[in-house]
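The structures considered in this document are given below.
In the two complexes below, chain A is the common chain; its partner is chain B in one and chain C in the other.
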Partner chain A sequence: MINIEIDGKLVETQRGSTVMDAAHKAGVYIPHFCYHKKLSISANCRMCLVEVEKAPKPLPACATPAADGMKVHTHSEMAVKAQKGVMEFLLINHPLDCPICDQGGECQLQDIAMGYGGGASRYSEEKRVVNPKEIGELISTKEMSRCIQCTRCVRFGQEIAGIMELGMANRSEQAQIMSFVNSSVDSELSGNMIDLCPVGALTSKPFRYTARSWELSRRKSVSPHDGLGSNLAVHVKDNKVVRVVPVENEAINECWISDKDRFSYEGLNSAERLTRPMIKQGGQWIEVEWAAALEYVANGLKQLGNSAGAEQIAALATAHSTFEELYLLQKLMRGLGSGNVDFRLRQSDFSADGKLSGAPWLGMPVADINACDRFLVVGSFLRKDQPLLAQRIRQAVKLGANANIVHSADDDLLMPVANKAIVAPADFVNTLAQILKALATVKQVALTADVSQVEVSDAAAKIAASLASGSKVAVLLGNFAQQHPQAAQIASLAEQIAALCDGKFGFLGEAANSVGGYLAGAVPFAGSVHGMNAQQMLEKPRKAYLLLNVEPELDMHNPQLAMSAMKSADMVVCLSAYKHHGMDYADVMLPVAPFTETSGTFVNTEGRAQSFKGAVKPLGDARPAWKVLRVLGNLLDVPGFEFDSSEAARDEGLNTAAIADKLNNHMGETKLDVTVAGSGLQRVSDVPIYSADALVRRAASLQKTHDAATPCVMLNGSELQKLGIQSGDNARVTQGDASVVLTVQVNDQLPQGAVRIAAGHPATAALGAMFGTITVERA
Partner chain B sequence: MEKIKDFFKTFLLVELLRGMALTGRYMFARKITVQFPEEKTPQSFRFRGLHAQRRYENGEERCIGCKLCEAVCPALAIKIEVAEREDGTRRTTQYDIDLTKCIFCGFCEESCPVDAIVETRIFEYHGEKRGDLYYTKPMLLAVGDKHEAQIARDRAADSKYR
Partner chain C sequence: MLSAHIQDQINRELKKYPVDQKQSAVMSALRFVQDEKGWIATDDMADIAAFLGMPQMAVYEVATFYHMYNLKPMGKTTLTVCTNLSCTLCGAEDTVAYLKSKLGIGFNEVTADGKYGMREGECMGACKDAPLMTINNKKLCGRLTNDKIDHILAELDKS
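Moving on, here comes the complex of A and B:
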């Protein structure tokens, strides 16, 4: 630690830190543009010039290392003169279009110009004009002339997003920020560049001209998408959400959010919103009052329960629902005498149920990821499924950690991957067994019989060697591994691998409440009444289904099975924010509020419960789902449904102080099946980032991005040759009793025998399970 | 002594005659009453009357929807909605001034970066039913179009003090 004096204040700061860091500690504000605490130092805006005693010239605070005994003046005559001079230069080419600029009112340049700018410009020559560039559907660069070349966006791409999609071309007055020729900015974190831009050069395209910053009310919320639970500020104008920006939380999302969190708000104002309760009568949908709709549902469920038994009633909910909704749903079901409730819709292996010691979670706090030095990520489309967790792993890798991958696809993670084993889905267990065997050999530990019989491949040995050499190891299971038909075996092996190298073992949460669902008891093996899991409910069709925010053809592991079960049911009740495909088979549609219109709680993947309030009033006659479930509970005479607020429901179901005791990834003995896959093509399914939940599916701008393109059939070159199909042709893909025609794309990173077809998309919704054999033929 | 003086003053109607003398003087003095509406008082070029929206000489409306007038209006009399026009420029889709709320402070005019919203010399306007004084964008533009010559003259006269 060294001592440094800033504006007469003595501060202690770390050796190697800069004057800017010390000033932050001292609470002294130094004006700046290019400096950002999460990005590297470039010192090119020169706005942070300060006077340092004994230095002949002003020095940039962001790039000057603090030295012991240094005396800095940030507001002395020399410093202010330098800062004013810089400001005048910056304003030479900056257009005077603040009145029409979306950044107006929240612009760093505008703010600092108030303090350091002159009243009038001395510059009378022509101003520089930069032609607008087209860089995609999310970021508008229509006014690139506003750019002050701070290069924050460039550095963000290189350092945080992992891919340099914007760069600065040319020099001096010709210098321009642009993307590479004819390419757009496609990073799943690109929206952060809008926040980073200190001027209005990069602005949000969907938000363009909708509001000025002073008209907006800012309300805190939590992301309902991936398992991270990013903290959001929802900006509201006239009871309508018009923008979403991050709220800084170093323990969760730092100061970033993914594009999914940022732009999904468009789905809230979608024309597909369901605004009135509806009942289908004689094949026609009619709008009714809430009382009538709820009576109808209550009577229907009561009659069915009396005639066919309560176990004929099943409830499915997405993990994007709030804790309160999930808790009340399972309470309602158990009150009716049915344990058929589940939120793990895309899971296919439920053999771990009952053997779990607690709710599966990340196994460590999110912030600890940065400190790990060895990763084994099993079955994860990391960047698309958990964009910000991927970013944290990227930062760790940058500091020297090794990332090891076991997966069926080899998408670019935009970080150096030390070792990877790209295998067909059916070989997952075998591959992990190989790694375990190799690791046990290194650590000289005895093996169980089923593991010792596998043959260790080169890749597995390398991964094992990498893990064995680490001091802080994390073994993480992604969405793909959790959806895998042998998920329990994969988890068991991963746990053993982590245990052998004294590492952490965790699950990357797929959705906002992937942990919360377990805590709420929205699983068939919790509570007093046990029942069927999500798959059994479909395999043995029930007479009535209660669907909470679920679109069965897109959200389920096996949409084919789901659809046939729904169509054969006597009564399907959809609690949904949207009019969706369910209108074909449902009997009642109840409009419930999405996350901005209800209060609730999400328990994120590290087990952190985050409650939020509604930001706007529910649209039309929509109501928060917890209220709907509460009234249903009352109408059905289920005791214990007298809640005045969502907080009361939360407090009954969740002891926030004791969550940690309920998180446990350990599971009992699991029998391993290490046989290698036979012949035939196997499906590999990802859930595309902008198809993952009901809200993003309706976010108009996100749906125009490359990530939301219609899915293709992907195979590697040699498989294509065998089938006699060329890349770009159409192919007929058949699974179960349905087939669809999709465009073929060659993807040589895929293992032999694997066919990659996205799930969760209308184009592939007719197909069956996310895993399993599939046939591809020329269409 | 004073009492006696007062008695005679009252008795001789001195105060009354003094008053009558003043009245008599004004009876023959030059009249200053303005015979409205035949006659009108002179107005400053800064007179703050009915609002108008101006256009550029090429017919393009000046307003760019920056909403500064809406933000500055102390009576919350202005309501603006903005959207991107087909040609990509920022334009208002709604610009309403509720003249029954307006206190004619002139802040809107002062805050406007493009001199789009102005207050004219017109003060003899009225409404016959509720809502007549709720001026919408076409109404404001019509006022501007009709009086542009006078408005421009007034702005020019004021420009040297700004």
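Moving on, here comes the complex of A and C:
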């Protein structure tokens, strides 16, 4: 530690830190544009010039290392003169028309010009003009003339997003920010560049010119999408959400959010919103009052329960529902005498049910990911499924960690990957067994699991060697591994691998409440009444289904099975924010509020419960789902439904202080089946980032991005050759009793025998399970 | 696609740099492409990016930053005339005017027969020979007079 004096204040700061860091510690503000604590230092804006005693000229605080005994003045004559000069220089080419700029009112340049600039400019010549470039549907560069060349957006791409999509072309007066030959910016974190831009050069395309910053109310909220639970500020104007920006939380999302978190709000204002309760009578949908609709549902469920038995009633909910909703749903079901409740809609292997020691979770705090030095990521479309967790792993890799991958697809993770085993889904268990065996050999320990007959491949040996050489190992299971038909075996092997290297073993949460759902007891094996899991409820069709935020053809592991169950049911009740496909088969549509219109709680993948309030009033007659479920409970005479707030429901279901005791990834013994796949094509399914939940599916701008393109069917080149199909042709893909025609794309990174087809998308919703055999033929 | 010759040249260049610092060869790679094709198309930049494992935009940044890369066809022979201070003091304006009248083209233009292109250059660090120009960024011609320019062009016409 060294001592440094800033504006007369003595501060102790770390050796190697900069004057800017020290000033921050001392609580002294130094104006800056290009400096950002999460990005590398570039020192090109010169706004942070300060006077350092004994230095002949002003020095940039962001790039000057603090030295022992250094005396810094940020308001001395020299510093003020430098700041005024830089400010005048930066404003030479910057249009001075703040009143018509989208950034006006929340602009760093505007603020700092007010605080540190002179009153007038001596420059009266023409300003330069930069032609706007088209860089995609999310970011507008219409006002590129406002750019001050701080290069924050460029550094963000290189360092945080992992891909340099924007750069500074040309030089000196012609220098300008652009993408390569007008290509679009496709990073799943690209929206952060809008926040980073200290001027109005990069603005949000969906938001720009819809509101001025001072007209907006800012309400804190939590992302309902992936398992991270990013902290959000929802900006509201006239009871309408017009923008979402991050709230800094170093332990979770740092100062970033993914584009999904940022732009999904457009779905809140979608024309597809369900705003009135509806009942289908004689094949016609009619709008009714809430009382009538709820009465109808209660009567229907009561009659069915009496005549066919409560076990004929089933409830499915997405893990994007709040804790309170999930808790009340399972309480209602169990009150009716049915344990048929589940939120794990894309899961297919439920053999671990009853053997789990607790709720599967990340196995460590999110922030600890950065400190790990070896990763084994099993079955994860990491960048698309958990964009910001991928970013944390990227930062760890940058500091020297090794990333090892076991997966069925080899998508670019935008980070160096040390070793990878890209295998067909059916070879997952075998591959993990190989790694376990190789690791046991390295560590010279005996194994309880029987892996004697597996043959260790080169890739597995390398992964084992990498893991064995680490001191902080993390073995993480992605969405794909959790949806896998042998998920329990995969988890068991992963747990043993982690144990052998003294590492952490965790599940990457697919959705906002992937942990919360377990804690709420929205699983068939919790509580007093046990029942069927999500798959059983469809395989043995029930007479009545309660769907909470579920679109069965998009949210379920096997949409074919789900749809046939829905169509054959006597009664389907949809609690949904949207008029979705359910209009075809449901009997009642109840409009419930999305996350901005209700209070609730999400328990994220590290087991952190985050409660939030509604940001706006529910649209039309929509009501928070917890209220709807409460009234249903009352109408059905289920005891214990007297809550007058969502907090009361939460406090009954969740002891936030004791969550840690309920998180446990340990699983009872699982029998291993290490046989390798036979012949035939197997489906590999990802859930595209902008198809994962009901809200994002209706976010107009996100739906225009490359990530939301209609899915193709992808195969390895040699498989295509066998089938006699060319890349770019159409192919008929058949699974179960349905087939769809999709464009073929060659993808040589896919393993032999694998056919990659996205799930969760209308174009593939007619197909069956996300895994399993599939046929592809020329269309 | 980069030609086999260019790839060979780049591979040779790569030996000068650490294995994980392949992007160090980007300036040479751009030069090789220009030597062969006379100019560098964005497709070539994309190929270089793929060859060196660096972002396309990073190649574009380098190619647009430096003055000696032709980003459009500049004829068989590119004449780059320095118009910085020393050359201007020694008569660069006359040189430019003579070249313009002789070739019938201005800066960043190419003669109809595709033989000559003319560019405005920055200081070439040889002010003692001002006014000067380069031929294809390779050969420096100093102390230019109208006679000397006639001579140089006549030589070039022959080749």
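Heads up, the rule we're going with is that the second predicted complex is superposed on the first by the 776 of 779 C-alpha atoms of A that agree within 3 Å, B and C clash if a C-alpha of one lies under 4 Å from a C-alpha of the other, contacts with A are read in each partner's own complex, and residues count from 1 in each chain.
Assume a contact is a pair of C-beta atoms (placed from the backbone, for glycine too) under 8 Å apart; a residue touches a chain by one contact, two chains touch by 3 or more.
Here the structure is a predicted model, which means the values were calculated and not measured.
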So, after the overlay on chain A, do chain B and chain C clash or fit? They fit
Review point. Regarding the shared-chain residue A:142, is it in contact with chain B (first), chain C (second), both, or neither?
Key: first
Exercise for the section: For A:168, select first, second, both or neither according to whether it touches chain B, chain C, the two together, or no partner. Expected result: second
Checklist entry - So, A:10: does it touch chain B (first), chain C (second), both, or neither? => result neither
Quiz item: Does chain B (first) or chain C (second) touch A:215, or do both, or does neither?
Solution: first
Geometry row: CA centre of chain A as apex, chain B and chain C as ends, angle in degrees (steps of 10) is 80
Regarding the shared-chain residue A:99, is it in contact with chain B (first), chain C (second), both, or neither?
first
Taking every C-alpha pair between chain B and chain C in the superposed model, the minimum, in Å, is 28
As the complex stands, chain B meets chain A at residues 64-68, 71, 82-84, 88, 90, 113-114
In the complex, chain A touches chain C at residues 158, 163-171, 179-181, 183
Listed in rising order, chain C residues that touch chain A in their complex are 42, 45-46, 55-58, 60-61, 64-65
Listed in rising order, the residues of chain A that touch chain B in the complex are 98-100, 104, 142, 208-210, 212, 214-215
